[in-house]
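Two complexes follow with chain A in common, the first pairing it with chain B and the second with chain C.
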Partner chain A sequence: MSLVGDFLTRWRAYRKPGYIYGDEFDGARRDYDEFDYAWTMTIDLDRCTGCEACVTACQAENNIPIVGATAFAKGRQMQWIRIERYWEGEYPNAKLGFIPMLCQHCDAAPCETVCPVSATYHNQDGLNAQVYNRCIGTRSCAVYCPYEVRYFNYNNPVWDAPLAEQLNPDVTVREKGVMEKCTFCIQRIRQAKDHAKDDGRRRVRDGEVQPACVQTCPAEALIFGDRKDPESRVSISMNDPRAYRVLEELNTDPSVIYLKKVDDNAG
Partner chain B sequence: MSGIDRRDFLKLVGAGGVGAGAGFMLAESIKHPVEHLIPYVVPPEEFSPGIATWYNTVCSMCSAGCGISVRTREGRAKKIEGNPAHPVSQGRLCAHGQAGLQVLYNPDRLTSPLLRTGGRESGDLIPITWEDGLSQVAERLSALRASGQGNGVCFLSEGVRGHLATLFELFMEQLGSDRLLHYDFAHPQTLYAAIDRLFGEQHLPYYDLRNTRYLLSFGADYLGSWISPVHHGLGFGHSRQGRDDVRGRFVQIEPRMSLSGAAADEWIAANPGTEGILALGLAKHIVDEGGYQGADRDAWAAALAPYTTAAVADQTGIPAATITRLADTFAGTQPSLAIGGGAAGNHGNGVDTLIAVNALNYLVGNLGQEGGLVFNPEPVVGQGSNARQASYRSMLELAEDARQGRIGVLIVNQTNPVFTLPAAAGFKAALAEIPLIVSLSSFMDETSAMADLILPSHSYLESWGDDFPEPGVGFSAGAVSQPVVSPLYNTRSTGDIILGLAQKLGFGAALPWPSMEEYLQDGWRKIHARGATNVDAESFEAFWIDVVKAGVWGENTRRETRSFTVDSSVIDSIGVEAPQFSGSSDDYPFILHPYLSIALHDGRGANLPWMQELPDPMTSVVYGSWVEMNPTTAEELGLTEGDLVEIESPHGRIAAPVYVYPAIMPNVIAMPIGQGHSEYGRYAKDRGANPIEILSPQMEPLTGSLAWSATRVRIIPTGRQVELLKTGGVSRELGREIIQTTGADQNAGGLAALHSIPITVVPT
Partner chain C sequence: MSVSIVPTLRVLTPVGVLLGTVFVGLVFGYWANAAFFPGTAPQQPINFSHRIHAGEFEIPCMYCHTEARRSTSAGVPSISKCVGCHQSVATERPQIRLLMDYWVNKEPIPWIKVHDLPDFVYFPHKRHVQAGVECQTCHGPVETMDVISREAPTEMGLCLTCHKEHQVEFGLDCLTCHK
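Up next is the complex of A and B:
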């Protein structure tokens, strides 16, 4: 096999979710054959009201610092999940649409290939993960991310005493110069896996893991689960005819699937 | 090892052991605060290091009364979630509720009793002991009581329910004062009055959004700030996609698109204050078309006669075709539901408007129906939310009494009228006439800044209490709130402060309880005796533990649906006057539409950094105030985003930058309430402007509540530009198809079952 052919096949394999190497690579390095879990979130835009409960829940769960007005003016705010809003039409027919935007945990993530130090990578659960203490802060991943959901720590976080008492001990506090992003609340996933193991089960049951945003959503717009389980709530909802992925044409293969808003204005 | 921290210990070791120089080095080491290396040699009994403990309690961030579960680790509160068993929140929570942790751990909390020395403007606050503080208050109270002037004591509290409310009643009764007032800016007083007049009910009904098929909301921002947003959010989600065969349809009628307006299928701007006229126009059409067949049909037809479609179209500015379509759909889609509130209820015709809106429910038979309007049982404890609520008129009376020297002592509990009353009320100046003002606030807000003595309360996460949500959920439900962490500071719970004062005043047998916890238990013994509850326990001790642990208590019985006809005198008097605005439309061309901020509520959330940095859902603006205007209005005035303008009413002037808002009527300008604090801690102080300040002191005549949507203003450009802090840049999709929509025919609806599966979340 030629070097080029070898490289292309390897590249394709690398870009394919689960890192499944082809048969011609018998004996080659295998990271893992497939995901243990494929964590997925569906967001029903017909339920979402844009109330932003998810935003604060995420900040509380993941120790995301408040940057202050000065840094905010420079566009340095950090909200792993945010609500985007788009106006359509003009008065009196103006409409406002909301969409929660968070790391899409793409299976072909542009941010992963660009990191010079492999600080961002795909883990065995299909999560797009960030290794904070490997990150050297080139911010290339943020440039490559088409969803703009990566946030850079321009400053060391500050919590006026005693606000730091609230910090979640299960989540590290990131320092200046490090990129961070939504983890699908990986600490909760780990906890659920440990719990399953202690229980003598091999797998986490559907519904056992709820990221903070999913748990708090008053309209129950968010569903989280393992799409490898065909019976899971997320599998059922992602197969709804209303399902779509944002910027699908980029072939990033996101793990966040949106359900279209229903426009009921025939009557 | 006290006195030496780890670093110092290593230094000592590095210096060659603890020898001759140790004395000096020890002296050096204690210059630093003491840090213990191993804090849990003898671990506390309440928790295991590394393992989270959950406590169920009640959220007090607004008056909805959501049940919450607080995750604690090593004695610190870490995260607040909704309590899945509680019927109001059902495991869900809003942004404001999530931020409760920043009330508890707020850097600007008052940490001990404070006494003002010198004058109110100039004097310093010095820390004193509780003994001293309580004695000083008790001395003044007993002096007044002894001289028969007990009524000179006024107790002004935030809206409280349950046993804290009854404790206040008992205390004031003993003092011989009837000046017990609850004051919340956003209390829906006109809705209570409308429900009382129309249905003869003293308590708000339960609006069943969850099962409705068609909702007409007249100005009620039910998803953002109206009464119980989390519960309404649950209902909204279920109504949309929780039933396979039907998708609920929502129509919002308001002059400025709110969060609920954005979620609605149809947003309709009626002229401000004419929402009730529109409701009567719909009612007339429904009665005329035979949609109502009650015996008193003729009385209704006569009362509604003036509200012809043409006349209503003329007054509301809504096309006649839209009016008939709304009426036909409302009557033809069962169950349907009409709700009213927010700006629609805050005009001079507010009560009449809300009577008109709720009459729609009566006419099409939504009362007592699933998906309609369900009446609530009597409150389990006390008289409910509305009994003691102070209207704007009673606050003016209080101010007048203060000026006349009839108030000797004012005790203020967690309410901030100096901020939430218009400047025209003259409340702040009146406070200056009161000889002794005692504040029980946890923060130095604008009202506490006037106080002579501050006896700071615990935060709600450190206190015992209980709450019975109002409106209820169609059956009696409530919850005990328990402390989830030990008190951080030298503060006391409000109940304990009152009981402490009662002891000093020698109220003895009338208020014999040594602590709030015991008073609460005593009260819950009666609830235990009611039986038929979700908690099945023989002994009270077991019942109490179960209720506290579950964080919820509910009765298994629903109230009987009573059938009735609306009183004929009410039908005859039905009608909505055209709204009155203060100021002439020539001098003040715009109608000011102030609205409750989703993050900051009525201003109480402004000291929470999470809430300050939470983008407003509609505009994405953070850290400040703004004034919303229609694009055509802005163009006519030559204004663009960020232009600083002054907003002047006949009663004052404030400044804020312009935000060009696509969904607001051209003659209306809107401002969020919540910013513009002159006190209230580092995060709130000197940020933005408070639109309440410039409101006209107009009242709804029946209730005396402030008509806070009835002020006219003019816009004066300053020529200055400020940067409006907000997220995102482009407000349009520009063909990117980020938010995709589909026709109703593509809505397969097969997801209903997903939300009926009970979820067990692993406790982390």
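Up next is the complex of A and C:
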């Protein structure tokens, strides 16, 4: 292989772990050629009402600390999924739009390449994994994330008396100095895989995994599934002509796909 | 004119000794915790002997720890399981009387967990039991122990070595075990 060709393959491997590199490439960091699952979420902005039920559900499911007023004033609040508001036009024709913003699980994630200790990496399910035990808190990933969805624990989390009783035992309580972000509810994915294995199945069926935000959304704006399965709800939904990805020009290849809001009054 | 460093060192010596002592103390304190000594065992509320039950009488592990094959946690048997046999077996022994006190008062026995994995580890017993992993691989020769102690090093190395050896599918991925 020529020097240039090798360089390109290596660059591709560096940028897109998990994709096909060719047989002769021995520098591959993984022992698989393509993703096992490719977990994807579509968010229909036409259905989103900005009710923040997903935010609350995520907070409860993933033991996300409530930082308190002082930290909030410093901009240290933590929400793995948050609702961004957009105002368009001038009064009286102002329009309000919502975009739920969560970790996009980019297949070419900028955060993964900068972590000095490989605490964040791409795994075989197309998930952008965050290993809390490895994280040393350099916060480079948060700087490189174009979506601003990584959150740093500036303090040890504190829950007032009865609230500590509702912590989810399937999720680690992160401590001070650790970066965290949306995991696509990895604990639920893991549980679904376990159930599938109990039933003697190799793969999880469509609809068996639902992250907390998807489960909670009253308008069913969020759909979650495996885009490798052409029959899955998410595959059908992501082929909608309204589909787009946020900051697509950055080539991060996100796994979260938004369906554009249709404006009845436009044009 | 020459400047000597000796007076400065003389002042710093006690500080150095102090820091050195603290450092040695920290290192020793770190290693001398309960987890470092594999043989240590907590005093359980009842002197239950696995040697008698699992060793001599050859009761299968799964008879009492029934949940191991279908749940993430192996589970501690309820008192009714103990009483099921012991209302007619060895009723006069002092330890069995202790057990019956809990039974009569309808209180759970406050067993102390010996094989306690950190909270960030996901270890489903069912996956391992269904795959045919012997309990003794991680728990040591329980059927020979009067008092349960942590014999095998239940650390990440043990998990990874075994996963590698048996070529577990995606068994080396961090998210397989870390949660």
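Simple rule for what comes next: the second predicted complex is superposed on the first by the 247 of 267 C-alpha atoms of A that agree within 3 Å, B and C clash if a C-alpha of one lies under 4 Å from a C-alpha of the other, contacts with A are read in each partner's own complex, and residues count from 1 in each chain.
The rule is simple: a contact is a pair of C-beta atoms (placed from the backbone, for glycine too) under 8 Å apart; a residue touches a chain by one contact, two chains touch by 3 or more.
The model shown is predicted, which means the values in this text are computed figures rather than measured ones.
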Contacts of A:Val114 with chain B and chain C, given as first, second, both or neither: neither
First (chain B), second (chain C), both or neither touched by A:Tyr132: second
Dominant contact partner of chain A by residue count, chain C or chain B: B
Touching partner for A:Asp170 - first (chain B), second (chain C), both, neither: both
First (chain B), second (chain C), both or neither touched by A:Arg82: first
Contacts of A:Ala142 with chain B and chain C, given as first, second, both or neither: neither
Chain B versus chain C as contact partner of A:Glu61, first or second or both or neither: first
Touched partner set for A:Ile186, first chain B, second chain C, both or neither: second
Contacts of A:Leu250 with chain B and chain C, given as first, second, both or neither: neither
Overlap of chain C and chain B interfaces on chain A (superposed complexes): 169-170, 187
Chain C residues touching chain A - in the complex, by the definition given at the top: 70, 72, 119-120, 122, 124, 126-127, 130, 170, 173-175, 178-179
List of chain A residues in touch with chain B within their complex: 44-47, 49-53, 55-57, 59-61, 66-69, 72-73, 77, 79, 82-92, 94-99, 160-170, 187-188, 191-192, 195, 205, 207-210, 212, 215-221, 223, 233, 236-237, 240-242, 244, 246-247, 258-267
Touching residues on chain A, where the partner in the complex is chain C: 32, 36, 121, 123-125, 127, 129, 131-134, 169-173, 186-187, 190, 194, 197-198
Residues of chain B touching chain A in the complex: 73-74, 76-82, 91-99, 101-102, 104-107, 223-224, 229-234, 236-238, 240-242, 247, 249, 257, 259-260, 262-263, 265-267, 269, 329, 488, 598-599, 609-615, 617-618, 620, 622-623, 630-632, 662-666, 682, 723, 725, 727-728, 731-733, 736, 738-744, 746-748, 750-751, 754-755, 757, 759-762, 764
